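Labels run A, B, C and D following the written order; every chain starts at residue 1.
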Amino acid sequence: MPNEMTIEENVLYIEALSHALRDEMRHDPSVMLMGQDIAGHGGAFKITKGFLDEFGPQRVRNTPIAESGTIGIATGAAILGQRPVIEMQFADFISCGFNQLVNVAAKMYWRTECSVPLVIRMPGGGGMGAGAFHSQNVESWFLHSPGLKVVAPAFSDDAYRLLRSAIKDPNPVIYFEHKFLYRRERTDLKGTEIGDRVVGEANVRRSGQHLTSISWGWMTHRVLEAAEIMAAEGIEIEVIDLPVLSPLDLDPILQSIEKTEHVAITHEATRTCGFGAELAARISDEAIWNLDGPVRRITYPDSPSPFNKKLEADRIPSVDVICDGWRQALQS
Amino acid sequence: MPNEMTIEENVLYIEALSHALRDEMRHDPSVMLMGQDIAGHGGAFKITKGFLDEFGPQRVRNTPIAESGTIGIATGAAILGQRPVIEMQFADFISCGFNQLVNVAAKMYWRTECSVPLVIRMPGGGGMGAGAFHSQNVESWFLHSPGLKVVAPAFSDDAYRLLRSAIKDPNPVIYFEHKFLYRRERTDLKGTEIGDRVVGEANVRRSGQHLTSISWGWMTHRVLEAAEIMAAEGIEIEVIDLPVLSPLDLDPILQSIEKTEHVAITHEATRTCGFGAELAARISDEAIWNLDGPVRRITYPDSPSPFNKKLEADRIPSVDVICDGWRQALQS
Amino acid sequence: MMDQPANSSPSNTGAPPEVSPAAAWLDTGSDHALREMHAYMRLTREWDLRYEKMFKTGALSKWYSSVGNEAATVAAASAIEKGDALVSLHRDAGAILRHYVNIETLIPEIFPSNMNLIRQPLGGDSRERLFRLACQMLGRQHGYSAGHERSYHYNHMEPEHGLIHIGMISHLGSMIPVAAGAALSFQQQKSDRVAINFIGEGATSTGDFHEGLNIASVWKLPFILIIENNHWAFSTPTSQQYACDNLASRAIGYGMAGVEVDGNDPIAMHQVMQEAVQRARSGEGPTLVEAHVGRHRGHSEGDDSLDQVPGDELRGYLENDPMDLIETRMVNSGIVSRAWLEEIREKCAALIMEVVDEAMSMPEPEPNSDRSIHAE
Amino acid sequence: MMDQPANSSPSNTGAPPEVSPAAAWLDTGSDHALREMHAYMRLTREWDLRYEKMFKTGALSKWYSSVGNEAATVAAASAIEKGDALVSLHRDAGAILRHYVNIETLIPEIFPSNMNLIRQPLGGDSRERLFRLACQMLGRQHGYSAGHERSYHYNHMEPEHGLIHIGMISHLGSMIPVAAGAALSFQQQKSDRVAINFIGEGATSTGDFHEGLNIASVWKLPFILIIENNHWAFSTPTSQQYACDNLASRAIGYGMAGVEVDGNDPIAMHQVMQEAVQRARSGEGPTLVEAHVGRHRGHSEGDDSLDQVPGDELRGYLENDPMDLIETRMVNSGIVSRAWLEEIREKCAALIMEVVDEAMSMPEPEPNSDRSIHAE
């Protein structure tokens, strides 16, 4: 089968996802899609529009409303040679398939040495006043569940490349795609080589010597905006984006901190036991002597997401809040 | 109704749980129990043996094997005035009721101002070669889910007192009881006053000036053993036990660190995004200038629990591993 | 192999099942019953049309329409009383309005003065409830969730009036056990109250549907689950959702009562509900009601999911619009005139317009990221 | 209200349903069929008795006995072939042994040389499989999970012999969708292979039972779910687990085939399974089989859960021990003598003893906390 890559300029994040799925389905006949309304309708976000026509109803399957059953069935099929990609209609609904994911799929390889090449696409995150059940950022549950890999790209090119890698990877991969970025983020797809495994990645998206910022998903965009503002004040932020949360590539972070001596983590997930905590713990364990101040966490509070947009905006780290957090980190 | 307290010497942890349930059921007729095999059989661990006879089948209900349905039904009943206490047969099975817990029960008060006085008893933890599905320590999932309170007592007296408080509390409380302690831990029940809310508690169980140790559940007992060994070497560990993980009482921890300048967290849960990470993050955020070394985490690796006892023992922090961790923390 | 139950439904052609005759017990009062059902159905229809319009003008970011569900939901809620629990989903404005509002206090001339209402109305302030409901839809401070939750995602309790209403969370199926739990609380308290809950046919595929109904039946809870089968879940037809002839047959597997009914006929629906409520009150356990309704709109306003519905099928639904059916029936049997129906429509529309406009002018909530996640 | 299906089962009295006659297709070969079933049932019985004894002497920390389930499990596995997937639970030693082991290669004199086996055996080394199975039970390095997982919690694949076996996780119900997923892989690959899976009657209350069966039926997957209904889940009787007359009736709600069968009769069971497998292979979708078996032991060895089972009921189970039933039948119809049955018993016991002793002498795994959680 052809292993063609989409090379295109200025590609929307959401289109990058479509391209990745289509290219990988053309390349590998064992790839199949499952999810609610993904067939004729093309999914709640139309990412698989047209796929039914191209790949047929065996490979593009509408599922009943049954997240647990769907993940379980995909796991069984994956053990026996299929490569299912499941679309959660919204990331929030994963809680209904939680057991299948953390106990069946995640532990399968360790327990049995049978691999489970399964991808779960998770349209997640807030910013659109979608309320408590369509806005959550739940990566931490899965980072605390050994056996899963976790991806959360911020840019179209990473989204394309990592979705294809995730499908090729023999392990269950939880793939967080941010709804707010779907139609806002654009990058060129340059044909960067595609790995057949998801490996840790920590990418410096902007260099600076005063403070290391760590983020992923939507927040990386806010962080980059905030870094511009700080630059105008003469403060240079080193922006590290983590398109892959697990496995974690810690080295670039530690190297950056050696230079900056200050670090702040920004995430949209709620604070307690979020991935920011793990990063802060790792950093203060391995780099405490390089730190000239505490590791700051700039996060959502421990609260559900409000429907009212003003209330929601009050909780998501804004560019201002990020700048303030950094200023405090630099003062202390 | 009488609000009698059990006052008794040398009470097994498991008996403390029975006493708390019985005393609270006698006190408050709205308390009801639900769980698999809890009625005639008295539960997998016999904690409710005899309850069916005393309280009758309306208040002591065997449930079908349906964790999600059970939690949902309990939530509905709790909104309308009942105080259900659910026994998970093993803590691990909570994954099957995960959505009900984190999305329905946990968020209910914030969303609607209807309170959900619900307790879920979670016989958890390892040490008995019970394998990947009867040994897990999953507190972190719930600490990352706003709206829940989380309890994890190490001693019989705390277990008694906090189970009663948890039942009185108007919020959903996840109550981790450690199976390894059931028939090994004994303390006197002295009639300590019982709060009608679960509030943060961080209790100094041994004083020392060289290093602050934080732990909960079974690990506190290993930590206390390890502290004896260190004392013989002239190193005094301050042992802080956290019977309540959420809300968190951070102050005693910070005060202790001011004195010791070194801190180590020991937990049986897997490492990444465990509660140790949150504690480490909080501590290095708020007390970095008091620290004379990184915050150490002594934890289970990111791995499921093996069935073979030797393999399992190799993963659970042992007294030796704890001592080593402390020695390293003190050297750095 | 198991026998298939005798009364399997017609498969999902556009047309709803044949109209059942009105119940015998309603015969003498059937004029009244029709007028009562109609008034609430009309109020509900105007409620939805208003928000549909606001969605189109951009004043609202999302709307799930309950157009087509009015007969089923209004009739269902007509069967419950003070102290019963209503647990609603996203297309149940009819049930909410029927339960919250005494329409004759808002539009006094709507019924003849000698008219008997099917059930005794709840006390309390109907106008205020309706107004707060509008505020809730619009995310205003004065709404039932003070802007924290969207549309029907709220609870509202007025213990003094025996009003118990638990709203939905998004995760479909989840509310079934919760509603059964409300029924459990009645059983524990030895009261004869009941809980009713709605679900779409799509969400019958969830594990919670199964776990909730099974426990409810084993425990003989006073619980009624009404499936609003509009034959589509978002863009997914029933043929891709389930393979059984009808969903009411699932009741067999739970050992509970199961009934299939034409949800476009409020009188048939009400009869089925009355029987189910009676069964529940007398300790005989839960009932599963499958009410067939039409799919009149897209899944939510502004999406193109209606494109998936074949033209013939859609036409069938529109031709069997429960509003049209009841109005034709009322006119044909000489209960009211077309002109009077038009007057009612205008009065209902005006009331809704007034209330919604007022709600629009209300303040949004102030930032409060410290809203407590715990009851103190 | 829905009709109840006609053939509801006797309620849970001790006695199993009446013994059905052997299938017509087996008539000519029924001596052979009985001998084959019996040999594997006996091997399974001795397997369990051995571990029960080891539990009593403390050599084993936990054991879930499958005594009483042998007819159902052996007969079920007799219906599958090379390339089919077996997904087993905690009382399915019979299915595993039947599928893994060619008993005539281990005990060559067990069958007359002209005997036709119901199905063609898998290739490969039966003795080694049995031995590794024993190592698995004992947490030894040489077991299928190298000591990482307990008892039947493992997978074993021998692609070269078409052996596909997926074991359980503890969380009941979870394996139903996974097994249906194995069936999906066959459908995707356009093969005519099938997947079979077992579940206790208690675990039919889980959401995954519902979600898995519903999807399997909508997608017409080649899947068979066998309920081993021993009328108790740990200490919980069926009256506290479900309220329907029989669980096979749930098939109606999924639009799939459902059959109730006497699980103490391996010939009746095998016939039902043959039909179900045939249905699956020819694309007609899944079957739900409810096999009634007896509860002979406590939930797990050493617990007192058998105390909950009323004496009469227990006596009924013991009097209908499938081992006794088949042996009496074989002796009464003159196929074999009591003495020969005793010889078989001794040979099976000796084989198991030998294999288990050997496994006991094998090394435990070495500490390896870095065992990979990811496939590389």
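Observations on the model:
Definition applied: contacts are C-beta pairs under 8 Å (C-beta built on N, C-alpha and C of every residue); 3 or more make two chains touch, one makes a residue touch a chain.
Only a predicted model underlies this, so the values are computations on that prediction, with no experimental measurement involved.
Looking at B-C and B-D, the interface holding more C-beta pairs in contact is that of B-C. Comparing mean CA positions across the assembly, the chain most remote from chain B is C.
If you average the Cα atoms of chain B and of chain C, the two centres end up 42 Å apart.
Centre-to-centre separation of chain C and chain D, using mean CA positions: 46 Å. Computed centre separation for the pair chain A/chain C is 38 angstrom, with centres defined by C-alpha atoms.
Counting partner chains per residue, chain B shows two or more touched chains at residues 64, 66, 68-69, 92, 95-96, 99, 103, 107, 110-111, 132-133, 146-147, 302-304.
Residue positions of chain D with contacts to 2 or more other chains are 145, 148-149, 153, 169, 171, 205-208, 210-211, 214-215, 218, 240-242, 371, 373.
Residues 85, 87, 144-145, 148-149, 153-155, 157, 164, 166-167, 169, 171, 174-189, 195, 207-208, 210-212, 214-216, 218-219, 371-375 of chain D are the ones touching chain A in the complex. Residues of chain C that touch chain D in their complex: 1-7, 205-211, 214-215, 217-218, 220, 239-245, 247-259, 285. By the touch criterion stated above, chain B contacts chain D in their complex at residues 36-37, 39-41, 44, 62, 64-66, 68-69, 90, 92-93, 95-96, 129-134, 301-304, 306-311, 314-315. Residues 92, 95-96, 98-99, 102-103, 107, 110-111, 132-133, 138, 140-141, 143-144, 146-147, 246, 269-270, 272-278, 280-281, 284-286, 288, 291, 293-297, 302-304 of chain B touch chain A in their complex.
Against chain C, the residues of chain B that register as touching in their complex are 30, 32, 58-59, 61, 63-64, 66, 68-82, 99-100, 103-104, 106-115, 146-147, 149, 170-171.
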